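Two complexes, one shared chain (subunit A), two partners (subunit B, subunit C).
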Partner chain A sequence: MAPQTCRRPDKSMESKALNNATKRLWKRWGWIFLFAVSLLLILFTPLPIPSNSPADRNIRIEASMFQFSPGELKVNQGDRVTIELVSTDVVHGFSLDGYNFELKADPGQTATGTFIADKSGVFRFRCSVACGNLHPFMIGKLKVGPNLLLLRSIALSLLAVIAALVSLRMFPDQQSRYIK
Partner chain B sequence: MKKEYLARSLVILFILVAVTIPFAGQWLSGRNQPAAIELHARMPENGGWSPDTIQAEVSQPIHLHITSDDVVHGFAIGKSDQPALEIIPGEFIETTLIFDKPGKYTFYCNRWCGPNHWRMRGTIEVSGTGTPLALDPQPLFLKLGIDIDAPQPAKTIPSKTTSAERGAQFAGLLPAYAKNRDTYLSTSPENLWLRLRAEATLSNLSDNDLWDAVTWIWLQQTTMDALANGQKLFANNCAACHGETGKGDGVMVRGLPVWNPGLHSSGDSPHLSTGEGFVSPPDFTDPKNMLGASPALLEGKIIRGGMGTGMPYWGPIFTAKQIEDIVSYIYTFVWGFSNQE
Partner chain C sequence: MTRLDLTHISWTQTLLRSRWPQFLLRAITLAGFVFTIFAGLFGSVVGSHNFAIIFVWIAWWTALKLFFIPFGGRSWCSICPIPMPGEWLQNGGILQPCGKGIGLGKRWPKAMRGSWLQAGGFLMVGLFGAVTLTSPLVTAIVLMVILLLALILSLVFERRSFCNYLCPIGGFTGLYAQVGPVEVRVKDADICAAHDEKVCYDACPWGLYPLALKSSANCGLCMECLRVCPTDNIAVNLRPWGSDLGSKTKHNLDEAFLGLVMLASALVDSAIFLGPWGQLKSAAYAIGSLPWLLFAGVFIVVALGILPGLYIAAVWASMRLGAIKTTLRQSLAQFSQLLVPLGMMAWIAFTISFAFAKFSYVLPVISDPLGWGWNLIGMSGTSWVGQSTSFSLLLQVVLLAVGLFWASRVARRITESVKQALPLIAFSIIFSLSMLWLLIG
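Right, the complex of A and B next:
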């Protein structure tokens, strides 16, 4: 390492030229580099999720022909979710995509089940017992944690807008230059 | 020439054999399998069972192919210990029934399939020789002449939750008739309490002590198994209207007016199947509703139903033992006694 530091002054001219070259390079490619880095950041940064301690959630869902009420559930990741399924007309089921969770309730017999919401994202739940002609449309949504996909895509589209504006500013005559 | 005749007759023989094979096969397979009855289950609003009457012969097996056209139904036979079948839409379930006594049997749907679920019943008429199906003995409410349509509110009720454990310590003091099964069946808790209150030997017990004793008497007349069975039957058949906790707030009676003895009108025109004129059932956890009713009265209400409330009749469905278990279980709502340890 030491000899290299000794030789540095000798190459100062060279390094100056190199510096100028880097500067030019930076001027041309710096923005693109910046955008690429922020793109990767947006895509892959693990967002600091407000990590509230896992809570016990008791959710009572009333299933009737052909809807769940409430049809949209929101829980935090790691919560212990207890679902109480009440059927108000015929036999209904509750099966949650992505989780291995199934319930079946007869009217007058509340079915209860517990699962731990350890996977984040949006999951569909649907009636698992044929309950009439509109049975396939009897679905609902379970949201676990913040919707990261939505946040990332909003940030990405903002980045695209900024990049478009910047490229207009930086290279206003690029097209004419290429034609020359 | 002789050879040509031979060839022609051979061709005719082959054609005949070819034609006969499928017919013979059909005849053979048809002979081994007796005709199956296809039974369709639909919600009562859409027709219920189809067909709803099945003819059968004594000790001749009947083959049923059962399917559902809309929602999940059940198939069970009243007053029998035949396990109930689950009928899932789009699937065929096969079952074979053999009856060894002639008579009329009721088959019914045992899964709630709508507010008129209990109307989904059919009959199997079994003809032939043999000892006919034993008739039920006359229910106690008819023997005693109890008017099960009349409201039976209790005027005297305990001022706090009763306890059979506390009541057990007074067991030795009670007169013999109090522990008699006939007294239990025909007397309401309120009347028994009034009778015991009038006893000179029990005058040193407080009112609530006496209620504890009545609670003890009522629980003496049943067993844990019977209560568990009653609880199961109640959950399957009654809770959709009477509520899982007996409060009369079941899912099927939401929005219906509250039961009120003043509304009672048994002579009116029959109710339509739309549920018009139905009321929500009384609160079993309220001592005022329960303590004036004797087990015989409750048994009558379960067997006959009606009362102008929309209560179904369970006489052809439940055995006497099952009704007894349900009655014992219904009383536990008011005794503040829970079967869940």
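Right, the complex of A and C next:
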């Protein structure tokens, strides 16, 4: 008689432990799922870009060893951008990342070209004619519309911190002295 | 923790034990090193057409950060040509130690131990970086000075004193090797304890005793201990990334300094080489001029003032929030661990941004290494401007986020509570966002 009564609470404890284990498992996968979804949302949700009516922009850039001035340009998406590249010393080029756009200006001369800024984001432009030692680092930036990637990456950073803290709670590791 | 011991697999065991594979690799790197100096001295003065610039600063520096360290910790040190000539003399033999070598074998002065000088050296490389990075002649001279210095020091001091205390690259790799996936450890501590000849300690060029190894920071993976151990008690383990970090490992104040210098250098290099500020570039280039002094001042203020200041403030706040009593010095040392994943990932992101755009220079410069108009492999003149694609930008963002995730985990693991980890995490966020802004802003 006695052993039987003893076994009963034992069994229910066992099933309770089992229940807890499955619950933990579900919780862990729930968190992983949640983080994966937020990651994708943060990186790829289409965000509304404030639409301005396309304008014509004339930008004059002076190229000299080893800088473009101005080095940072800002336009809206859809703008028709005309670049006037003036070189003040040697031959310099202007090649825009992400766009198929290139100019080459002889010393003292102006080269002009036009493109439609249809891709949004931040794009670097580089000198494309070897002009001296620092030539590989002769770089400028073109901002087309708001820098959504920067906003996304700030959100991603916050997610990374939260994920780090939660991951240690969900998957405590043996190396940690303090976390139980 | 899970480990895979390479000495248990027969072919890797043979490869590691034999001196030949390593010797051949070192012979190649030494030949490359000598050729690089030659190219720098006699080749074209235009950096992008010279083997010395492209190979040292694009190919090797990239390989170190994207391949050697993340996948092999200090593996570069095991095939590095710089200490070779000195080591031959110390060993009295080229392939292996033979009898008595040459050298005074003095001990390195106590006051100059730790990675302080390495960090200082790295800071100097950064201060003169714009010139070293673009002038083949200066690169050649720097390499010669390093080679000579390593040789002279190995004749005066014992073992690899140059590597241990001076080499800036050693400081860099050593710091980040702690999170690398390779380690040398003893298999059975009892066997070592019972063996009182310590042949492994005598054989170690780095002055380490394998039984006492807790961190991979100073182990150059040379495999000498493995070769001399009579009981085959040395393991070469593949391990999870980040294994040397955690609440149980011991860290010193010089690591905090080294880690901060590396963070500052990553920021300043990104600003100079990837930023749109032409005047900053010219200032960094015109060594000795007034703008350069201004630039050097700003660099030093960032590296030795702002960043350490923020770090000290974060550590102090975190210390105040903890229950366990420690000194500020101890906390600065212990919490320095979080600088490792943070810096590692920032350097990788910087490298992606920097090197991918410039990689088209590599093949042309093999084709015409001296810029003399040769065309050895028919690739001369095929370099193009290079650009960063939207994929590479996204990759940089993800890498920096991984760095922040990792650093936050480390911060939480070495503190008592989330509350105590928060100031450290805040420091990491500030650094990550600055880096983000420089790379993709």
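Heads up, the rule we're going with is that the second predicted complex is superposed on the first by the 109 of 180 C-alpha atoms of A that agree within 3 Å, B and C clash if a C-alpha of one lies under 4 Å from a C-alpha of the other, contacts with A are read in each partner's own complex, and residues count from 1 in each chain.
Please note the rule applied: contacts are C-beta pairs under 8 Å (C-beta built on N, C-alpha and C of every residue); 3 or more make two chains touch, one makes a residue touch a chain.
These numbers come from a predicted model, not from an experiment.
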| item | value |
| --- | --- |
| Which of subunit B and subunit C A:130 touches, first, second, both or neither | both |
| Which partner, subunit B or subunit C, touches more subunit A residues | C |
| Which superposed partner A:74 touches (first subunit B, second subunit C, both, neither) | neither |
| Partner chain(s) touched by A:95 [first = subunit B, second = subunit C, both, neither] | second |
| Touched partner set for A:156, first subunit B, second subunit C, both or neither | second |
| Subunit B versus subunit C as contact partner of A:57, first or second or both or neither | neither |
| Doubly contacted residues of subunit A, that is, touched by subunit B and again by subunit C | 130, 133 |
| Subunit A contact footprint on subunit B (complex, rising order) | 43, 70-72, 88-90, 111-115, 235-236, 238-241, 243-244, 250-252, 254 |
| Residues of subunit C defined as touching subunit A within the complex | 1, 46-49, 130-131, 134-135, 246-248, 272-279, 281-282, 285, 357-358, 361, 385-390, 393-394, 397-398, 400-402, 404-406, 408-409, 412-413, 415-418, 421, 425, 429, 432-433, 436-437, 440-441 |
| Complex contacts: residues of subunit A adjacent to subunit C | 43, 64-69, 71-72, 93, 95, 97-98, 121-122, 124, 126-128, 130, 133-141, 147, 149-150, 152-154, 156-157, 159-161, 163-165, 167-168, 173-179 |
| Touching residues on subunit A, where the partner in the complex is subunit B | 86-91, 106-110, 129-133 |
